[in-house]
Amino acid sequence: MKPDDLQALLEQVASGDTSVQTAQSQLAKLPFEDLGFARVDHHRHVRTGSPEVIYGPGKTAEQIASIVDAFFRTGQTAIVTRLDAEKAAAAQALLVEAKAAAQYEPVPRLLVAGEPLKAQGQGTIAVVCAGTSDLPVAEEAARTAELLGNTVERYTDVGVAGIHRLFAVKDKLQAASVLIVVAGMEGALPSVVKGLVPSPVVAVPTSVGFGASFGGISALLSMLNSCAPGMTAVNIDNGFGAGYAASLINRVGLQS
Amino acid sequence: MKPDDLQALLEQVASGDTSVQTAQSQLAKLPFEDLGFARVDHHRHVRTGSPEVIYGPGKTAEQIASIVDAFFRTGQTAIVTRLDAEKAAAAQALLVEAKAAAQYEPVPRLLVAGEPLKAQGQGTIAVVCAGTSDLPVAEEAARTAELLGNTVERYTDVGVAGIHRLFAVKDKLQAASVLIVVAGMEGALPSVVKGLVPSPVVAVPTSVGFGASFGGISALLSMLNSCAPGMTAVNIDNGFGAGYAASLINRVGLQS
Amino acid sequence: MKPDDLQALLEQVASGDTSVQTAQSQLAKLPFEDLGFARVDHHRHVRTGSPEVIYGPGKTAEQIASIVDAFFRTGQTAIVTRLDAEKAAAAQALLVEAKAAAQYEPVPRLLVAGEPLKAQGQGTIAVVCAGTSDLPVAEEAARTAELLGNTVERYTDVGVAGIHRLFAVKDKLQAASVLIVVAGMEGALPSVVKGLVPSPVVAVPTSVGFGASFGGISALLSMLNSCAPGMTAVNIDNGFGAGYAASLINRVGLQS
Amino acid sequence: MKPDDLQALLEQVASGDTSVQTAQSQLAKLPFEDLGFARVDHHRHVRTGSPEVIYGPGKTAEQIASIVDAFFRTGQTAIVTRLDAEKAAAAQALLVEAKAAAQYEPVPRLLVAGEPLKAQGQGTIAVVCAGTSDLPVAEEAARTAELLGNTVERYTDVGVAGIHRLFAVKDKLQAASVLIVVAGMEGALPSVVKGLVPSPVVAVPTSVGFGASFGGISALLSMLNSCAPGMTAVNIDNGFGAGYAASLINRVGLQS
Amino acid sequence: MKPDDLQALLEQVASGDTSVQTAQSQLAKLPFEDLGFARVDHHRHVRTGSPEVIYGPGKTAEQIASIVDAFFRTGQTAIVTRLDAEKAAAAQALLVEAKAAAQYEPVPRLLVAGEPLKAQGQGTIAVVCAGTSDLPVAEEAARTAELLGNTVERYTDVGVAGIHRLFAVKDKLQAASVLIVVAGMEGALPSVVKGLVPSPVVAVPTSVGFGASFGGISALLSMLNSCAPGMTAVNIDNGFGAGYAASLINRVGLQS
Amino acid sequence: MKPDDLQALLEQVASGDTSVQTAQSQLAKLPFEDLGFARVDHHRHVRTGSPEVIYGPGKTAEQIASIVDAFFRTGQTAIVTRLDAEKAAAAQALLVEAKAAAQYEPVPRLLVAGEPLKAQGQGTIAVVCAGTSDLPVAEEAARTAELLGNTVERYTDVGVAGIHRLFAVKDKLQAASVLIVVAGMEGALPSVVKGLVPSPVVAVPTSVGFGASFGGISALLSMLNSCAPGMTAVNIDNGFGAGYAASLINRVGLQS
Amino acid sequence: MKPDDLQALLEQVASGDTSVQTAQSQLAKLPFEDLGFARVDHHRHVRTGSPEVIYGPGKTAEQIASIVDAFFRTGQTAIVTRLDAEKAAAAQALLVEAKAAAQYEPVPRLLVAGEPLKAQGQGTIAVVCAGTSDLPVAEEAARTAELLGNTVERYTDVGVAGIHRLFAVKDKLQAASVLIVVAGMEGALPSVVKGLVPSPVVAVPTSVGFGASFGGISALLSMLNSCAPGMTAVNIDNGFGAGYAASLINRVGLQS
Amino acid sequence: MKPDDLQALLEQVASGDTSVQTAQSQLAKLPFEDLGFARVDHHRHVRTGSPEVIYGPGKTAEQIASIVDAFFRTGQTAIVTRLDAEKAAAAQALLVEAKAAAQYEPVPRLLVAGEPLKAQGQGTIAVVCAGTSDLPVAEEAARTAELLGNTVERYTDVGVAGIHRLFAVKDKLQAASVLIVVAGMEGALPSVVKGLVPSPVVAVPTSVGFGASFGGISALLSMLNSCAPGMTAVNIDNGFGAGYAASLINRVGLQS
């Protein structure tokens, strides 16, 4: 049940077009549906303005298919994150109602069932990426933001070791309303970008690197300790989280 | 030089009211002034929409006074962060031009010279705080956001151990356009709050705690690993950074 | 040899129904039996009130089968933990006396030979689980508690990101005599639950998560630093340990 | 307001001896009282069966005195933890209503206002301590348990380096209904004790040690990795938390 | 070249039975032989009293075979450590001179070419092991000590959770001249053993455990922080290092 | 475009032999070429005096082939690092223009297309290696330095446990103009070498070791904490970075 | 009670010179004496061959004085470690029986009451020290070994940065029966020394250093990962532990 | 004794102007002088081309004065590092021969006795500094390089948050023969600088920052993981080490 549906229902109750009893039964599934192994949060969309997202790892294909179907049945879009291709195929085969609607995107490792949200955000979200190796995380952020109804522009391979590549797109970056900056290794790119632009920056450390990069800790610490204020950070490799947060930020001041 | 001033100057040049030579000499200090030990970034306000902020630790009172005066001379507001009371008093005594204008606020440990920005943000920024011991960091966030031109509401001591205290203010939290949630120890509060509200949350871990809180690492990790999407984090005890980022977020969609 | 058997034997000695010599030979295996590579602790049940539990990793199927048989021969229940399906099958094939009695449970990865203990605990143990991905650990805790003679109730997928799901079962949680709360990622659930219930909570961090969850460290630290007193923690992914401890707690005040 | 008081009030309402309006005004403070900087949780005692405990560090003496008075005014016992002697004296001087009742105990660093709870626990709680240097933490645990209505026995300086000292008190340890075992350095004592007793053990690592003890991390890890099941752990130096948890455990099976 | 050989050669030079020139050519390989990728240290046995040991990981089977042959050719015993079965077989197939003499021992993962040293140590070295899962490391220690000429006794599965198993062998442990104590998880066994015996203890942490055992860090820290003086530690899983050090310790006071 | 080519072009423009328009079109690709997923930095050679190096991990074979070709087309040498044999073969098969020129070197895991730089460095770079297991990293450093135009000498297996092997080559080490010293485990070799030579030492920690070597952290810390001044360090296993830095150092004072 | 005293007493019982009852009362204090806050282990000397040592930190001067007196009263030598000068003076003033006998040594921070043990060790213990800043820890080791009856030789400031200083004393080091090697910073010295000598080496990391020495972790890891077998390590700054262990090692093969 | 002196002496021996006996006595102090607590390395200057440097912390003022005098007596320059003002004054008062010559520099915390080396390096060493708070470390680097005979240029407060400040000095940075780049917090500056310049960069992390900067770890990791090759790193806050290494680098290709 999406926010608009809820509002319509309540207005019908208020106007007498729908009896309280009928409304009650329609709302019965609120706030969640118990699948046994999962309690599907049908209320989240109403409460937070964004669809439920299912964390893929540690769930079986059967569990994923059941949860996706439960959302799809109630007219909601479901997004499964961090899903490898093999499990995605198995889940797709098991889907019942959401079957035709479910698309798997291999680079950002997302399974999506239902329509993307209508464009809601203002301006554009720029997704900036330090190196080609960071692309999968950047793409997870970019696709998430697009699925949540935002216009996204991508700037790839503009790391600080050849900073003129970054400066060549400076004007475009300054025009973005929110920026997501993705970097591994020393994670310096978000600090440099934030020094150049007036908008908020969501920094995403990646696990790209070796040795003392410690699976992304080096990049994460750089982003937390940035001397350029106005930047916030998400977890290592959390492209989805960055895209989701940037989408919320891009709607501030709207009708939310 | 504030953005409005720059725009006015350039329009005068365009209209012929100011000669190019005069404009050139006024802009001569851009992009920075070299004090010997510091290069004051007069251009930052133009470039990023926010005043320069001076990181207090490791600087002498003399250095702080010089930098504050340099900003004040050019009509800009200067904010010094993480300044203890003793060094603040010494710096205030040394100030020349900014002398009368400089106010020290002991709880958030900020020294401010110049006028706060005019209200720019849309809606309100809610600053939510897990416990009384987290108050100084929360206040640093709240005051920063206020100085940068935002309306701020404070919700103190609503930690998860007595969650009904949080639920009593749920409606107000849901009405905020951005939330800053401050917590030490296990740092669970931001996740719980984000589960309740539709707006973006900036999470601030504090060093409140002992033993395995490891000076705030426990709270920081909780916030980075939150299962509630739409939250981003700043460094431990970085109230200023959270207030600054929330201010930028609160202006998304405006004329910035 | 279970505690009842020992008491009976000693009473027979006291009453003269059994000679000291006979008792001595029956007790000869106490306190342990040396299998060469392992010293089977037949005395543990008498001493601690619970059966010996065999830690599966690092042992060969042959070693596991020998140890299980040694317990089974003396009328004791044996539980092997953290055993993958392949090694379990190999061990089952090698069992001699315990063969028919040995059951493998794949989700909690337990091999059990002998009868579960008779119901001993008072009230119920509630096993609460933050997300579907945490289920295997939660199930290891729940089954352990059941095998040790307790009534267990399960509450799955009630994480803090949709806290109304948790509140829907609040009354049941408040009625439990002990609670086991299982969570990965930021590990906030036990703090929230403990704030709601009067009974002791055993918190179990899981390795569910990625990046800065550091294999469960984030969740573990949250639980150790909880602001809600009355919670204690076990090792990451240690469902067995939590079930065992909860079982002991649930018997406090009984005939122990 | 203690649980008995609440029950009495509600029974008076049920019998008509108290009007709903009167009850309503008496219950008006529920669930908390807003002191501005703190929201006092008057409901906690009803909800969790134990009094609110105030975490001392990071609070001013003024804040502590206000909170203690707020509890005292409503007939509740207040316990302030981790309070150094100097701040305790300052707070005591500022107390208004709770003045005479407030006692400071320097070894466990507790400030207590109001009467200890009536004996509620069954059997005894044994507090076992590895070395003399661990005494302050052990005493914090012991006094907490006593204040919460339990009978406590102390066993000091029975570390594993001279294990015969521990064995000399083995029978008494086996008779306890719950054990709190406190150790720094290598933190081996709880494992050894748990191997000897049938009751649950709450392990408390201390920061006693130097070099690679890393402020208690070594002891904490030992306790989390114990090969003796039935043990759970609390945070480093968290004597209060252990005493509180042990008290809850000691009431399992009672009228809770 | 072993120490006895060197002494004999020098005495022949002194007595004139061997010319300086002849001795010179025999000693020409001292102190090492350059194989291109390795410099074989033929002098080590003379200098340190023990044969060279080759660290297996990271070396190809070809490199291992060449080094073993180089030692074997000069009459020295070569020991390769941490060698998996597959690479051992490949190396054995490639050996030329040392072919027949090379034995692979799968549990301690040692490849040995040449004769073990004659018994040199005084008394016995006791190898004590906390659990069956620790056996491979314990066996690496035991076999190393045996190959270096010591009498070794093994005590397996005597962990602290059932401490009576340890006490049953207390007299034998007290009779050993050196003890190697191997334990994973919380690593408490060496502290308990050292509290019981007068001889030096070499503690070996193992990576047995899960979660917060952090691959042996927990056990290692326990051993470094032991409250029982007279214990020293080696690296995690370093059974070889412990056996080697114990062997040197067992020869102190002899003619070395 | 190499530095010489740029200088020639500009001189032709200055002399009128090349029109500005022609020069402009030739320089059009500066400073980079956008391949969509990567921005090839054709300017780097001009700017930094060394060819671009492509970090292999996380890139597909297709991406690597495209980038290598882009460099090769403009007459530049391309080096791909940390490339495993399988992906190298796939990339080589996909190369178009650079096909014949691309060589893969399996030990240092480098793919090179184009000619090595002409000898530029002064004196020799000595690559010193503690053990045979460190050879791949040492070879990566040595080959990098050779490809960048330096004379390299290799000294293998001269670890500190048999320090006479190191002393045998002391004179040669003292004659080198720069030294790269590679070591895993305790990482002591660079300190000892630096104590013996007058030239700068670049230290490379390797991940060789086990247990508390923590994947090279132990060696890295040794090198950062060296008591022998004049040493600097690179990341764990970063042979390429050491070779590159040593090459730059070896050209200091030349015409660069 | 020292071992000789015990043997004498038992022989008197055997010969009838002492009645069982008399012996019993004399032995009554065994195995420990309960001072309330401490259980003095009078049996340790008999059991382990060395006097009890009291860990100073965290104990009050009163507690230290009581424990020292308890040992002194029964004819035993007491050693207090890690005692600062101020607390030592306070404890000395409070001593009753041990008053005259108690000596405080400020560099190694030891308080000693009673006579040092008679020379027991064979050969000499060499204490080798990397730098002048490591002297206090080295002296703690040296004095401990001397108090326990060993001949000690000191070699100071022979760090690896000027390795010829170490080589100048090589012959003396090779003649020692046990070596204690003390180093901070990169902690390379023990590896180099062990490569030169045939005897066992006890390595002591110190907290000397800054930045990434992390209070001695760097040196500790170097010692645990040494490529020179035959070395074992103790805790950071644990000079006492090293001296104690070396003393036990130096008595192996004697009448212990 | 400086290298020139040694060469002169040996030439006099070769020409017969100095007898072997005389030379022998002059060289007698080589390679070191034993002060009891320190072995002064008079040979270092000859061996490594740079004067001995004394690490200040952990040494008493008496020890420092003795060592400085020992160097000064033999005509060598002595530099004491990391010396606070108080101990410096005490040491200066105790100096005998070096008294007049010893200068203390408070910002870089260096005590220098003797003349700086004659200018030896080629070109200039640029010392670049991210913020005013990093100045003391930068100054330690700059002064060290100057004392060792190099021309140094300083660029202060050019951090990445206002990158135009850095670009304003780009040409000068590109002209330097070696660069030292000093930064705390996220430590991004060295990567950006290295991307702009052709010369080798020595990166110095500082402990400037708070929270998750972990005393400089964040900056250190950034520098080790830099994506800009040609950079090497030294320990946190090790300005001296950077200045020393840069000085050696600046002499490569000279007569060393």
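As written, the chains take the letters A, B, C, D, E, F, G and H, and residue 1 is the first residue of each chain.
Going forward, a residue touches a chain if its C-beta (ideal position, glycine included) is under 8 Å from a C-beta of that chain, and two chains touch if they have at least 3 such contacts.
Since we're looking at a predicted model, the values are computed, not measured.
Engineer: Need the most distant chain from chain E, centre defined as the mean of C-alpha atoms.
Structural biologist: B
Engineer: What is the chain whose Cα centroid lies farthest from the Cα centroid of chain A?
Structural biologist: G
Engineer: Same or different for chain E and chain F, where same means more than half of the interface numbers show up on both copies?
Structural biologist: Both copies, chain E as well as chain F, present different residues to each other, with under half of the numbers appearing on both sides.
Engineer: Return the chain pair with more inter-chain C-beta contacts, choosing between C-E and E-G.
Structural biologist: Counting C-beta pairs in contact, E-G comes out ahead.
Engineer: How many angstrom between the C-alpha centroids of chain E and chain B?
Structural biologist: Distance between chain centres: 60 Å.
Engineer: Would you mind pulling out the distance in Å between where the CA atoms of chain D average out and where those of chain E do?
Structural biologist: The mean C-alpha positions of chain D and chain E differ by 50 Å.
Engineer: So how far apart, in whole Å, are chain G and chain H when each is placed at the average of its C-alpha atoms?
Structural biologist: 39
Engineer: CA centre of chain E versus CA centre of chain H: separation in Å?
Structural biologist: Result: the chain centres lie 43 Å from each other.
Engineer: Touching two or more other chains, which residues of chain E qualify?
Structural biologist: Chain E, residues with two or more chain partners: 55, 131, 161-162, 195-196, 211-213, 217, 220, 224-225, 227, 229, 235-236.
Engineer: What are all the chain pairs that meet the touch criterion?
Structural biologist: A-B, A-C, A-F, A-H, B-C, B-D, B-H, C-D, C-E, D-E, D-G, E-F, E-G, F-G, F-H, G-H
Engineer: Okay, in this complex, where on chain H does chain A touch?
Structural biologist: So the residues of chain H in touch with chain A come to 130-131, 159-163, 185-188, 191-192, 194-196, 209, 211-214, 217-219, 221-229.
Engineer: Enumerate the contact residues on chain F facing chain H in the complex.
Structural biologist: Going by the criterion above, the answer is residues 47-50, 53, 55, 122-123, 177-178, 195-200, 202, 220, 224-225, 227, 229-236, 240-242, 244-245, 248-250, 252-254, 256.
Engineer: Under the touch definition given earlier, write down the residues of chain D that touch chain G in their complex.
Structural biologist: Result: residues 131-135, 156-158, 161-162, 164-165, 168, 208, 210-213 of chain D touch chain G.
Engineer: Would you mind writing out the residues of chain E in touch with chain F in their complex?
Structural biologist: Answer in residue numbers: 31-32, 36-39, 41, 43-44, 55, 57-59, 63, 67, 82, 205, 207, 215-217, 220, 235-238.
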